[in-house]
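Dropping the structures in below, format is structure tokens.
Below are two complexes that have chain A in common, paired first with chain B and then with chain C.
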Partner chain A sequence: MQFKELIVQETNNICEQLSSYEDRHTSFKELFLTKDTINFGPIKLLDRASIAMRTVILFLTVLTIYFFSTLDYQSIDVLKGFTDTFVNFKTMFLNPYAQRFTLGEAFYNVVVTLGLAFLTTLIGGIVALLLGLLAAQNLAPKQVTNLIKGFVAIIRAVPTILWVLIFAVAAGLGSAAAIIGMSFHSISYLTKAYSESFEDLDRSVIEALMASGANWWQIVFQAVIPSSVTYLLSWTFLRFEINFANAVAMGAAAGAGGIGFDLFMAGGFYFDLREVGFITYLIIAIAIALEVFSTNIKGKLQKSI
Partner chain B sequence: MALLELKNVTKNYNNECCALDNVSFSVDKGEFVSIIGPSGAGKSTLLRCINRMVEASSGEISVDGLISSSLSKKKLRKLRTKIGMIFQHYNLVDRLTVIENVLHGRLGYKSTLAGVLGRYSQEEKSQAYRIIEILGLNEQIYKRCDQLSGGQKQRVGIARALVQNPKIILCDEPIASLDPNASKIIMDHLGNISKEMGITIIVNLHQVEVALKYSDRIIGVNRGKVVFDGAPCDLTTRQIRDIYGSESEDLIIDLGERHAG
Partner chain C sequence: MRDDIFTKRRNGNLVFLLALLILSVGSIIITEYDVIKGFTSITRAVIWGGSNFYPDAESLRILPEIFPKLQETVLMSIAATTVAAVLALVLSLAGSQTTRINRIFSIVSRGIASLFRNIPIVAWAMVLMISFSQSPLTGYLALFFGSLGFLTRAFMETIDEVGNNSIEALQATGAGYFHIIFQAVLPASMPQMISWLLYMIETNIRDATLVGVLTGTGIGFSFDLYYKRFDYHAASLVVLLIVITVIVIELVSNNVRRVIL
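Let's turn to the complex of A and B:
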């Protein structure tokens, strides 16, 4: 009772104070503009963080100026360089044309690249599903999760292309090295993503099912996976898009074939800018199609679940 | 022979003394037992020792004639199917529907493969429907659990326990997160379950007045020790003080009101 009265009193006090402020200054806007009303204490404009920030920016500016002023341009005319590049872009993107192959052949090579992306995502997804379960803190002992999480973090820290080159030592440059290397990186990426999706289900829920006599595998397949399936799919789609881009690059860099290899030949071997433009457009079209497709599927899934 | 029997059960977490200290009691079929006591007294630990979600440090617990500490993993699973459990925070799989959550109660009876594939028999499904209907959830049956109110979620929890065909249902503060209205509905359901289905109910409660209203028997716990074990009408002000220590003052007022009313 007393407490309630006290609150009512206090509220009234505050209201009175506020309205007297309003009387004196006619509006709240003025209240905030006048300096003498409320003293918030000294406002520090230069605290430690902003000093550090300014120092870094200043340092970078000086460095940039120094770099450009001392850069050895040799005999290159910078302005001409820019205009030539621009002209090249114009030929590339305004007059795309495929000379060395038909549309059918181009399409076939796109399918090869998509196949590479699909296969590596599939291998990655299956292995990561198992590893993800063992890396999820609500499903496995702490030592196991730490071990797996650390292991995949190391794999992930090394870029895909490097893994492909490492496996190329054993398998030789080509599609085998590309598949192994890309799968390897996909596994580590998806393991992290999957395990975090699994961890969304509270440990106490899993304990509740354990208490009713269900065992680990039953809980995983009846509770954990069904409740995280939308996340799993959307991570997998994302990785497929990444792997498509990787597959294009591997075609060029590791000789894995597909549309990436055509791009490499057109650009680096035949110097055919119009063909480079054509292939680039083709790749962009595929990427957009993938994006639309995956967005659609995700939308449907979200509706059905 | 009693359905559930605890003999000198003691539990120490991390060698600290004593979440449970030499607890002994037995419970019969169909009894409604409330366990009351301040927080940290060991109520949750006591319930979890019964289905071995927590391993007792020493002592003997027998459920339906089986000494639970001696059971193999497989037999323990079988024993657990006979013991339902419901929780303060419901512990449902939020993104699944009511019927899916209720059917989870059957997993313990299945082989690993049948459970993994989710093969529920027609009989199991119709039993689940029947229980959902009894608990008044027919309209929510295909709704996801995260769209339900707290009271509805707790009823799904009860349905999941009932579909196990349990002999005992353990309830760990089932109404601590619910408003008075929903609390009454839940407690009424638990009361009916013990009376009409003959299932033993053991419920941890915070509210003395609720325990007084629904229980056949009250067990008071303080610092891991049983300090009261008897019928609700035998619970005196002094004993409430023993159970709750310094927290007891406002609770005693409730008891006074009961005697007045």
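Let's turn to the complex of A and C:
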């Protein structure tokens, strides 16, 4: 208590000294310490945020324990499974070897998968650019943005594999169904990313252009897109990386072709672990190359703009 | 001078568009993608979906079969994410620039993260299915390894963002390594980490469907079964349930994020 009074007194002194230098009507004292009482009580340890975090952690831990306790262990030998898996991984990664196809064929199939990813990203990007403009709060009325955001959230909730399989009924299994089905998720993801980049644009720029009589399209093409093009491109590259992984998965699960299909045949049909290892190495190499490429492009874009 | 800038910009745009065009044509040829078929299939899919792909009264009979599978899938995703998060926390503390013990630890844990993140989930599923067959553990482990790679990377970036200031302040007071971790690093990065954790759970529920189709487990297998039997009403009910589950989890995690961030 002594300490508290001391501090209040000292602060008052400083304020008086300061306001005597100032030629203004308001003194610092009035500003800061008229009704301030400094509270030296114990710091609150549990605010709302930490209660929420603890609840989430507790909840997840309980559910995890529940999952392991209700798991049906009887049909499998867990220990044997783990040792088997370890041996399998050893074969996979230490003895990769392709038996059923040549290196050239493998590369051709990688290019097919890259092609699937590229077309998906392109279709996704074009549609998302339009939807992103309509979903940005500074460019479209609130009802429209809400409608588009809700629509996009529902699209995202359906797993990609289900989109592809649903389209496969209408278009037949193959690249058409895979590309259209995968585009749905790209559209949803990119619309969200694009609209958030557009919303970063300063409101005054749009108002200035509106005041000069520019119409909506002029505002979009002269201000909105040029100022956010770096973000748009880096989001699109990121999505391309994701789409490559998706295209591998769709090749395996929905017969879209490419390296994913080879992976599925090697693992699920021939049980050839050495081939699985070979294909996995190939995919990892491409994925890392894409990552390095997109980091470089991002760096260059940020420098040039 | 001004003309120069505009010509340059126009030429740049032209080169970019030309590159896109060439890549598109190349991709269309190599993937044997029928453009017209692709786009007309959208209208056909809508018409077909409207007349066949909706849950009818008869398909409700599968609900008692589906709910345990859905529950299993959701629990599996949560368990895989939670266990992966604990390990990822250790790996990211060892790998982050600010908290690492030495360079070797950092390189090893970054390497593990990058490797696990880039191995396709299909490869995990295939290899694990050979040893664990059609048990929920197959799906669990496939999701676990993928999540471990992603979460380690995300956590590492979160810890890096916390920065050096508070760590240096504690070091100056003579605090030990574990004091610094538990008093400065973890409290500051916990909200962001939980946000990543919740995101990973959402992603894992969607990925669990894919793993389920591939390995014959969980809700993905149910969908595949009805789909291949041409029982589209039942299959659409499965899709509907997945959508509701994902949206509910997204809403819950958005609310949690609003409180903690």
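Worth a mention:
Keep in mind that, in the parts below, the second predicted complex is superposed on the first by the 227 of 305 C-alpha atoms of A that agree within 3 Å, B and C clash if a C-alpha of one lies under 4 Å from a C-alpha of the other, contacts with A are read in each partner's own complex, and residues count from 1 in each chain.
Here is the rule we go by: a contact is a pair of C-beta atoms (placed from the backbone, for glycine too) under 8 Å apart; a residue touches a chain by one contact, two chains touch by 3 or more.
Just so we're clear, the structure is a prediction, and the values are computed from it rather than from any experiment.
Taking chain A as the reference, the larger set of touched residues comes from C, when chain B and chain C are compared.
By the touch criterion defined above, A:L147 lies against neither chain B nor chain C after alignment on the C-alpha atoms of chain A.
Once chain A of one complex is fitted onto chain A of the other, the partner contacts of A:R48 are limited to chain C, with no touch recorded for chain B. Of the two partner chains, neither chain B nor chain C is touched by A:L238.
Looking at the shared chain after the overlay, A:L173 reaches neither chain B nor chain C. By the touch criterion defined above, A:V127 reaches neither chain B nor chain C. Within chain A, no residue touches chain B in one complex and chain C in the other. Within the complex formed with chain A, the chain C residues making contact are 20, 23-24, 26-28, 30-34, 37-39, 41-42, 44-45, 48-49, 53, 75-76, 78-79, 81-83, 114-115, 118-123, 125-133, 135-137, 140-141, 190-191, 194, 197-198, 206-207, 209-210, 213-214, 220, 223, 227, 232, 239, 242-243, 246-247, 250, 256, 259-260. Interface of chain A with chain B (complex): residues 201-202, 204-205, 207-215, 217-223, 226-228, 305.
Across the complex, chain B meets chain A through its residues 51, 53, 77-81, 83-85, 87, 89, 91-96, 100, 104-105, 107-110, 112, 115-118, 144, 160-161, 164.
Residues 48-49, 52-53, 56-57, 60-61, 63-64, 66-68, 70-72, 75-76, 78, 80-82, 84-85, 88-89, 92, 111-112, 114-116, 118-119, 122, 153-154, 156-162, 165-167, 169-171, 174-177, 179-180, 245, 248-249, 252-253, 257-258, 260, 263-264, 266-268, 271, 273, 276, 279-280, 283-284, 287-288 of chain A are the ones that touch chain C when the two sit in their complex.
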